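Shown next, in structure tokens, is the structure this report addresses.
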Amino acid sequence: MNTRFLGATKILARWSDVSPQRRDGLFVIALALVCFLALTPGLSGEGTSIPHMQLIGLMAAMVVAAVGLNLVSGFAGLISLGQGAMYAVGAYVFGYLSLKGELPTLLAVPITLIVCAVVGVVVALGTARLRGPQFTMITLVLAVLVHKVLVEWPELGAASGYPNTLQHQTGLLPEATVLGFSFVPPLFGGEFASVLVLVLVLTVVALVLYRNLSLSSWGRSLRAVGESDMLASHLGVHVFQRKVAALGITSALGGLGGIFYALLFAHLQPESFDVFFSITILLAVILGGSGTVIGPAVGAVIVVWLERSEVLDGVTELQRQYLSDQWYLSTPGIIGLILIAALFILPRGVVGTISDFAAKRTRRNLTQLTAPPLPTEPLSPSSFLAVNVDEAETRTLLEVAGATKHFGGLLAVNRVDLRVGPGSIHGVIGPNGAGKSSLANLVSGAYRPDSGSILLDGVDIAGRRPDQIARKGLARTFQTPQLFSSATALENVKAGFADTGQLSWWRAALKPRAQYRREVELERMATALLRRVGLLDEAYVLAGSLAYGKARALEIARALASQPKVLILDEPAAGLNSTEVMELGRLLTDLRADGLGMILVEHHMDLISTVADEVTCLAQGTVIAHGTASDVLSDESVMAVYLGAADSPPAESLTEGSQG
Amino acid sequence: MSLIVEDVSSGYGRATVIESINVELAPGRISAVIGSNGAGKSTLARTVCGLLTCRSGSIILDGKPVQKLSAAQRARAGIVMVPEGRRLFAKLTVAENIRMGSYAAAGRGKASTQHVETLLDAFPIIRDRWSQRAGHLSGGEQQMVALTRAVASAPKYLLLDEPSLGLSPKLTQEVFRLIQLIADETNAGIFLIEQMADDALGLAQHANVLEQGLITISGPADELRTSPDVRAAYLGKIH
Amino acid sequence: MEIVVSGLAAGGLFALVAQGFVLTFLTTNTLNFALGEFMVVAAFLALAISSWGWLPSAGKIVFVIAVVGVLGAWTYRLIVLPFSSGHNDTRWLLSTVGLSFIIINMTTNGEGVLRQPLNYGGMDEVVEFLGVRLPSQQGLIAVTAVLVTIALVMVTRMTGLGTRMRAVSEDAEAASLMGISSKRIGMIAYGLAMSVVALAGVLWAAEVGVSPQLGEPLLVGAFAAGIIGGLTSLWGPLLGGGIYGLVTAAVGESAGVMWGEVSGLLIVLAVLMFRPEGLLGRRVDVKL
Amino acid sequence: MHTRWMVPTLATMLIASACGSSGSESSSSADSDATIGVIGPKTGPAPQFYQDTQRGIELATPIIEERYGLELDFVYADDAGSPEGASRAVQKLLNEDDVDAIFGPPTSAPALQIAEVIARSQRPYLLVSASNADLVPTAGDKNFAFRTQWAGPVLNDVNSQVVFSDVDGKKPVVGIAYAADAFGQAAVAQYQELGKELGVEVVGESMQPGATDFTAGAKRLRDAGVNSVFFNFTSGSDIATVTRDMKVVGFDPPRKTTTSNVLANYRELSKPDEWEGLKFVEREDLNSPNFRKVLDAYRSAYGEEPQLPTVVYNVFSALDAYGQGLKAGGADREAVRDAIESAHTVEVEGSTYDTPFAPGDGEFYDADISKWHVMGFDDTPEGNIVTDGTVADCTTRGC
């Protein structure tokens, strides 16, 4: 058994030894090779090869549409049933431009892509705030609308298709021409269907750009959005803008698929682009591995092959022979069955499942083999912490004054003052429902305060969005660690860097030299951070399989990656065993030494009293005690709210609603 | 006849919050589980009533192991919990909320209705709110309705998770009076899971102190009341 | 006047089908995208048993409703429940779409697409109502929609089952502490919902004939009715169906049938964008 | 528990892909004179066209083979009623099966997708069902397409003489209820042109094929004062929807005309009072002895009435024409084409048609439709077909 995987291990190992540039180079070469092999049967141009060429072409079209959809539905978690509609728009716009507009292909293609992107952006502006079913429904309705328009719009030939002899004196679109050389579609025997070359070249380009995009910080930001909008914005991502951009790119790629279709068949019938088609694209994504980088491409190839080849006809025949000649499933039904089956058996899709499997089998070897050249000298803290230690004492990093927040009738945070200096830890304690987390959320921007001011390094951040605040130098962890469980620890840390929120999509896609250097730097810094929190050996372990304590450490590492001035830790010790708590304490004191200011929301009194310089105790949203740990913990009123002695402070309680 | 929790471990996701907990409860008795929050009190409660699955160990209700049953099944079997924060159905009326409780009463309905009557007589305020939406009640009233709802389920054993949460001391006393009444009326055993140690210890006969997911102290309530260790459990040992 | 009456009458059908969406969304936060196909199943079942002379038409319809209801319950148990873990999990959407493919395809292969007349459950007279001519079947369906809605509201308000359903929809965990299994309630909700859909399917099939395409054209309208009215309100479908029926009828008559349908879709878009919870729905606020 | 039944299903599929049996039933044998490819919607929205084309072929082939001493092979391919299906099927027929002639596809969307491909393949292309007018160039020299069903131009004459003819002495207001598909849309465009020529007002109302509500459309026609309405649909069930809703809104114009597509799945879904006064015009008298012979053969072979009698009949004429061509031209497809074009007579079960085609004319039926027949249904629940007489009769003395 294991010997079989040794091979895989070696390959994986080698693969990750290769330098990024060469890795991407190899990827391109591999793609080109595959494409060439795919074309060979048709080089002769014999009529018998036409079905094959059409198959290849359709696969290419589905591949680009599917990888595009993956950005939104796989990474950002917005399930769209509208990709088929974008495909149709692309096909018709391109067809119209090249027949009616008589534009050369080199011009028609980019214009079409832009049109599709614009449509996508417009849709996004209206819908990106929606989540879950609502978003899906809207895309579904849009798909139905587009289909209706295509069936009825006379200018586009309506149901007679575009073009049709009746209106346009021809049933075929003009052949694509680039620089005077014209490309033949795979329709008539006797001639090599040269348009396939054009299609596959564009496919390779699209795939390379898509891959760069999804492996970059930009791609990470989409994954973050998929995890939760809140997490993403705390990582400095402007969620709305990101969703809009993503939908634009998705639509453009969908449109590219449509362009391929027009190039291949030179005639468009609205019936080809119904909702069923949209769903097959989604199926391709899920079957291949929604959220994996290359999975959707694989899924697309499989789905098209299933639909076009006679395999499913074979299945149908088998049913009719052995099950029932009347009640049986043919292609569409079997597709539906596969869809459900895939959800049950391959929840992560073909590629996702395989890679999980491989990762499990080869993790140990990987961590030894593929750890990149780690910085031998321990990276000096200040190189990734923004605070400059020597001038630290002089100023206040975070100053909360009179912060107040109501929920309905409930006063969650009541005129709270709080101050954090550089290189200091401010503990926040208090019984359940005292408003500790609410306070943390006010500071990090998750809630807007009703009143009061919050100054971060002198700048008022009260009421700003979390991503704005994050960029100003505030990072936080969450009560339950929010990690990308299917990504490695290293990837998780990388997601923490400011690039996630700031790298532009086109830079990510084109990936200039500088970007390679930046990636290397990120890798270096991420590794250093992992070492700092003691996770170096787990660098290539999937975050999902980390022990709880380590997961928390990882989240702290990710928070540090954004080079914060202030770090908010929300119950970091919860669920940790005593030794883990000790380690946590050590880490916090180290960070303090680096000049980092921290708010430590915690129940674990031992931890508080060991590390906190100042402690504030909240009850019913109000500050009831403030001072050094020992002062606060021996304060009568504090004891009262914890132990419930008779003379606890008058707490406003007859408010409606519950705080559960 | 007793509810036995036999070295139970449980937690969320990959986190183990409580480990090898052993507690026992006899009918008609009140046993307090105290400890600062984050110590794992709610986790214990949710594990016993079935909202969380036991990682290991067993829960034995009157001789029958129930750790495999779902929360709903356990409720019908007689393990009833009043969750943290009451969790009334805000859009349902007080009456409907209490009727909801009675669905779990299964065969034991008769007795429970009488008990409910007694509670309502003792705390007429609930009757006054009878047909109002539970969402419009104050915290204290909600807690009382929640307790009544639990009694309507004819519990053999009752788990109360932080009944004093968010209540003023005065109201807390009220609620605890109600709990006492329930203990006397229905011969149910009560796990009183509380942060307010002094109040809880005043009510309970027996108590356990939960610290970092472990039971560190266990004994008669009045002994624990005076013990310094209890204070340490809350505010740390370092003074 | 004529437009109003006929529009509302047409809306009645959509309202009835849309109840299938609302009932499941209320209790389980999921939708059955194979709704139209459950109409198809009901219609073919009705056709299959039309030869049972010993059973009066009413009996046959009840039988169909019961059987389809059971199918609905198990649909929830088998392909919805496993794919609706938590708020961000929308895989149920895909599994039910898959189911609809399977049903359409299997019925098409088995029975063909040609419409087959259903010889009971229908009335083919034309009635005058407020001086407007209506097919009595359409009127019947509209009335049924109203009655069913009232009945459902009564059930949820008055009966224990209803209280349970509302409780589960509000806080499934707390409900489980009252000994109520949200799984079973979910199955009941789906059963109920698909029964309503089955009723709509039989009544409509009696008017237009049985075919695998029976549900498809209605789905968009039903969708619209549910979304416009609000998927979290039992009264929603009536309002939504009414509005959708009116608008499509009015626009359809003044600008052409196709534009009628388009206008309906545009309303849905508008509602989804500016009031996703629908006109009568309550906002489901996002928690941290 | 679910995976338990999922796994076997997937397993079956894998097995299937292993043995990957073919989808289209081929019966090519070496010693046949010609292989004819037949494309049609075996599955999909309008299977009746596939079925009756196939059955017509089964009935006509032995006759034709015997008549011309030929042996014909047929390869059937399913286009599933979709453009993709068609473009896949036609490539298979043209390239893998290397067929000598092609039948169909009978429905518009697939036909439109591949019309150009077939036209350029230089093989006789036989159309046996009403498809929209200029779907394929049946005009122009050296066209390979031959249509034995009336289409566009002919339809215009039907209209000018029947639909557009005066209603009680005055120019009519013509209403067209048509399917929102290529067939309907193309037709309605022609009607509107013709309307301009004749100075007749034409109102068009579309309906999605398979839709179940036409009340709005019916009202619009009614309110436009239409008194001569024409139904242009591919399936009778759609016409049933239209006539039902016309009854609902109390719209009963003096003249209701349609095509023989009404015979498919209409009467099952309608009531006598809905088809009262409904007429359809066909070249053939469906009650004529030779047409009856075809129908009887069909009935005895398949134990039911054909959904599309005219399609069956047209297969006979198409095959006869092709048979002649093949006999003359042999393996040379171009020669076959020429022979078909210059065929003197085509015979169908006793009735003969002289010089059906000519250079530049691939249409079997000529434009003079005075000899065509007007038919309707009697008021029995079965709605038996009654022939009112030829168009000429009707225009002179009215029917």
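Labels A, B, C and D are assigned to the chains in the order they are written; within every chain, residues are numbered from 1.
To be clear about the criterion, contacts are C-beta pairs under 8 Å (C-beta built on N, C-alpha and C of every residue); 3 or more make two chains touch, one makes a residue touch a chain.
Just so it is clear, the structure is predicted and the values come from calculations on it, not from any experiment.
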item	value
Distance between the centres, which are taken as Cα means, of chain C and chain A, whole angstrom	35
Where chain A and chain D are represented by their mean Cα positions, the distance between them in whole Å	53
Whole-Å gap between the CA centroids of chain B and chain D	77
Between chain B and chain A, distance of the C-alpha-averaged centres to the nearest whole Å	42
Interface hub residues of chain C, defined as touching at least two other chains	79, 82, 109, 258, 261
Multi-chain contact residues (two or more partners), chain B	83, 87-88, 90
Residues of chain A whose C-beta touches two or more other chains	152, 330-331, 334, 337, 340, 344
Topology of the chain contact graph, where touching chains are joined (line, ring, star, complete, other)	other
Chains that touch, pairwise	A-B, A-C, A-D, B-C, C-D
Interfacial residue positions of chain A with respect to chain C in the complex	77, 79, 126-127, 130-134, 136-138, 141-142, 144-145, 148-149, 152, 228, 230, 276, 279, 282, 286, 326-337, 339-340, 343-344, 441, 446
Contact set on chain C toward chain B in their complex	160, 163-164, 166-167, 170-171, 173-181
Chain C - residues contacting chain D, complex	2, 6, 10, 78-79, 82, 108-109, 112-117, 124, 126, 133-135, 204, 207-209, 211, 213-214, 216-218, 248-249, 252-253, 256-258, 260-261
Chain C contact footprint on chain D (complex, rising order)	2, 43-48, 180, 205-208, 210-217, 219-220, 235, 237, 240-241, 244, 247-250, 264-265, 268-269, 271, 307
Residues of chain C defined as touching chain A within the complex	31, 79, 82-83, 87-88, 90-91, 93-95, 97-102, 104-106, 109-110, 220, 223, 227, 258, 261-262, 265-266, 268-269, 272-273, 276, 286, 288
